[in-house]
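Consider the two complexes below, in which chain A is the common component and chain B and chain C are the respective partners.
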Partner chain A sequence: MSILEIKNLSIEFGGLKAVDDFSLSLEEREIIAIIGPNGAGKTTIFNMLTGIYAPTKGSIELNGESLLGLKPFQFAQKGIARTFQNIRLFAASTVIDNVKMAYTHKSSESFFESILRTPKMVQEERMIDERAIHLLKKFDLDSKADILAKNLPYGAQRRLEIVRALMLEPKILLLDEPVAGMITTELDDMAKMVRELRDKLGLTIILIEHHMNFVMPIADRIKVLNFGETIAEGSADEVQNNPDVIAAYLGGGYKNVNTNA
Partner chain B sequence: MSTLMQFLVYGLQLGSVYALLAIGYTMVYGIVGMINFAHGDFLMIGALSTFFLSQAFSSFAVNGTYSGLIVALIIFVAMVGTGLIGVSVEAIAYKPLRNRPKMSALITAVGVSMFLENFPRALPFIGPSPRSFPMLFPAKRFQIQGVMISTTQIIMIVLSLVFMFILYNVVNRTKIGRQMRACSMDKDAAQLMGININRVISITFFVGAALAAASGIFYASIYPQVDVYMGGWLGTKSFIAAVIGGIGDIRGAMLGGFIMGITEILATSVNSNLGYAIGFVILILILLFKPAGIMGKLTIDKV
Partner chain C sequence: MKSIIRKILPLIGVVALYYLIMYLKSIKVMNPYHIQVLMFAGVNIIMTISLNIVNGFTGQFCIGHAGFMSLGAYGASIVTTLIFGGFSVAPNLRIPVFLLGLLAGGLVAGAVGLLIGIPTLKLKGDYLAIVTLAFGEIVRATLRLIEPIGAARGMIGIPPYTNFAWVLFFVVLTLIVARNFIYSKHGRACIAIRDNEIAADAMGINTTKYKIISFVFAAFIAGVAGGLYAHVMSFIQPDTFSFVKSSDLLVYLYAGGTGSLTGSVLGGLLLTVLPEALRAFGNLVNWRIVIYAVTLVIIMLYRPLGLCGGKELPFLKINRKSLYEKSIFSRKTIHPSEISN
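Right, the complex of A and B next:
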């Protein structure tokens, strides 16, 4: 059974169809990439999948349960986490606090327990601390736990955004241009990290990206969007050789990326 | 020297009133991004409701004094009640305007302030006339090395420091604190991290209004007269305290409150008219030399 079922998702902004009839059936532990030119509606899809925009038409079902009409924080609590195209960390907080801020929905601490600092509450805080440290360790950020997020190097900020999203304990992770602005070596690290997310944590991932060197080797399936419409879908090889995709996005001079890398 | 110490005691006492009130201004500004001009009136609601509560409990009073337990109960009920009024004010007046231009919320806040002052004034059982506030705390006085200090002053200063300590801990070391800080930095990202920002904003107003109520009870315990307009002037001065400390920063509000209280008492001791002016003098100096306030950091908005 598919974990996420998106059917005929469409949204209009004052007559402009930003996304038209987008359908996607995600299997567990799949990595799907959405590519396409700027303005094709990729981030708009993410915004619908996280409850920021309400679609004009269509359905979103997570494990058979419809998510339409829920608020963004409820989408997050149900298990869809995301990162942002332009990094949006809680910049003035420490690295570890950034991560802990994404775990508040799973904590049962009440307001009065917080005031009184009951033993139960203190214990829970310790548990959250341990979780956060554990996760930071996994992604090599534990040595920077007490640094302010805004003082991290760019690549580490991108990684921290993913770690923060993982703290939500999501089922599905949406990565919006995870390697934007990164250099080639960082690209490889990120590709390794994304694979680990799937292999070790069992996550299902949808990613938006313009770096074809990054997308082609790791994506199980690729969807190509242009002007809100899906113009192609398939494996990296199929998409790269599709004349419509070359015309709309990849360009005539495009050389195939070796997908067996 | 002992005169100076004596003024310092008065200054701390008045400062704790300003500090508790300034915290509410700064928290609401930090999280919602608006200045709640009705915040001073929460102080009035706290003081007035304490007056009526103590009347309701008057049968428990022995020779006009209440037992510690009853006083604690009265203060607790007044704080929670005022907190809930704060939550409803936000839900009714400010929430519908959250995504509108900032100016709308600001003007609404002025309107809410007028309403909170004049609605009780129009109610027959409250009315405009000032009332004398009951003695809640024992009025014993001690003399320590020439400095007179009363139990009321000790209780006030200690309790307000306790409240501030708890608040600081809650904001920095608990779940709701993390949610508040996340909302103050980036509301959209916060909701995508599973945080219900409506709930966080409600709790912020609850905490701010409850602390304002405590501040009102303390103020009325030193200057034992309460009326529906008492929040206006005190609110203005506490707002100045919050700006001096750096609006948006809780430590700044506490510091600003005590600076305001102590300088006001010192200035009054020189000339009684100077007391009112000194706060504004400090405000102007701060705005000239450190526009973001003592604790605040100047942020430059990207254009």
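Right, the complex of A and C next:
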């Protein structure tokens, strides 16, 4: 059974169809990439999958349960976590607090326990702290736990966004351009990290990316979008040789150019 | 042992401060007027901390905070003066009646905070500011119309229960409670909303809920501060809690530094005492408001984040490491860094 079932997802902004009939059936532990030129509607899909936009048509079902009409924080609580294209960390907070913040809805601290700082509450805080450190350690960020998130180098900020999303203990992770602005060596590290997320943590991943040499080796399936419509779907090879895809990326006149990039 | 000393030291400091001031009073270095200024400073510190929770830690913009203070002042005075009869309360019942009054003041302010928080905290930035501004004025205008509490003439005959010890006690209590709040999941959620509301939402934080919690909590504290104020003055009137009062509080907060409890204490204390202290310089009396304003400009020019922006005294912070210290109940805990793999 598929874990996430998206059917005919469409959204219009005042007559402009930003996404038209997007369907996706996601199996557990699958890595799916959504690619397409700028303005194709990729991030709009993510915004619908996290409740920021309400689709005009279509359905989103997680493990058979419809998520339509829920608020963004409820999507996150149900198990769909995301990162952002333009990094959105809690910049003025420490690295570890960034991670702990994603544990808010799971923590059992009540308001009065918090303001009285009862032994039970302190114990809960310790548990959250240990959990956060454990995750940071996995991604080599534990030595930076107490510095402010805004002072991290760029690549580490991207990693921290993923660690923060993992603190939600999600079923599905949406990565919006995880390697944007990264150099080649960082690209390889991120590819390794994404694979580990699937292999070790059993996550199902949807990622948006422009870097083809990052996407091709790690994605099980690729969906190509152009002007809101799905123009191709399949394995890396299939997609790469699809004339519509080549046309969308390079323009109609270049159908015979080899796109190894 | 070290950690216990570190925890008790600030409290010893507070007690020492109390006795120092009482000593200065007894040898007539400080007169009752000085003590009263310090009490107002204390009330302002509590108000500033309360405003800091909303504006500084949750990133909302409330500019009608005096409204909550007046609700607390009237709520508390109604209990102590109208219900229990003010000066005719038996001496041994005065403290319970006083505390009951403060609690009532806090609850009234908190309840109204909840009532206006639910519809308005969905608004962002400037819009919330305008609504809170209107709220402060509505409270003032309404209180001016209610005859049993003196309408525009104000309420008189409130017993002066508040003394310096009580103010100091409530400042310390507010600091502890506010600090505990900030270093809990609730405080973290508020700070997340302040830093990036979209990301907070995406991380499963019910932003409206935590904004309301912080708003109501702050309103409660402001209500208690209002109750303390009423029982210093013995007299309150609606116009005391006008927009001017709200903007004073904003000045204390931003001069002290948002997001810093130390800043709230410093801002509230300095800017309450400074205009009074300037009275001492004979010829300068007429210039004191100018000097006060220039001081503010200088603070904002040289410390744009406020005096203590982003900084905190050690005992107003809760260090992560303290989670792993052996507690006084000697529960054994291990810091994660001690675990080898």
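For this structure, a couple of remarks:
Quick note on the criterion: the second predicted complex is superposed on the first by the 249 of 261 C-alpha atoms of A that agree within 3 Å, B and C clash if a C-alpha of one lies under 4 Å from a C-alpha of the other, contacts with A are read in each partner's own complex, and residues count from 1 in each chain.
Keep this in mind: a contact is a pair of C-beta atoms (placed from the backbone, for glycine too) under 8 Å apart; a residue touches a chain by one contact, two chains touch by 3 or more.
In this text the structure is predicted, and so the values were computed from the model without any measurement.
With chain A as the common reference, chain B cannot sit beside chain C without a clash. By the touch criterion defined above, A:92 lies against chain B and chain C together after alignment on the C-alpha atoms of chain A. Of the two partner chains placed by the overlay, only chain C lies in contact with A:146; chain B stays clear of it.
Once the two complexes are overlaid on the shared chain, A:119 sits against chain C while remaining clear of chain B.
Once the two complexes are overlaid on the shared chain, A:57 sits clear of chain B and of chain C alike. When the two complexes are overlaid on their common chain A, residue A:192 makes contact with neither chain B nor chain C.
A simple residue count on chain A separates chain B from chain C, and the partner touching more is C. By the touch criterion stated above, A:130 is placed in contact with chain C alone, chain B being left untouched. Chain A residues 50, 52, 71-73, 76-77, 81-82, 84, 88-93, 97, 100-102, 104-105, 107, 109, 111, 114-115, 117, 121, 125, 128, 164-165, 168 lie at the interface with chain B in one structure and with chain C in the other. Per the touch definition, chain A reaches chain B in the complex via residues 50, 52, 71-73, 75-77, 81-82, 84, 88-93, 97, 100-102, 104-105, 107, 109, 111, 114-115, 117, 121, 125, 128, 164-165, 168. Contact residues of chain B toward chain A in the complex are 166, 169-170, 173-179, 181-182, 185-186, 188-197, 203. For chain C in complex with chain A, the touching residues are 177, 180-181, 183-189, 191-192, 194-196, 198-207, 210, 213, 217, 259, 310, 320, 323-324, 327, 329, 333, 336-337. Looking at the complex, you find that chain A touches chain C at residues 50, 52, 71-73, 76-77, 81-82, 84, 88-93, 96-97, 100-105, 107, 109, 111, 113-117, 119, 121-122, 125-126, 128-130, 133-134, 137, 142, 145-146, 164-165, 167-168.
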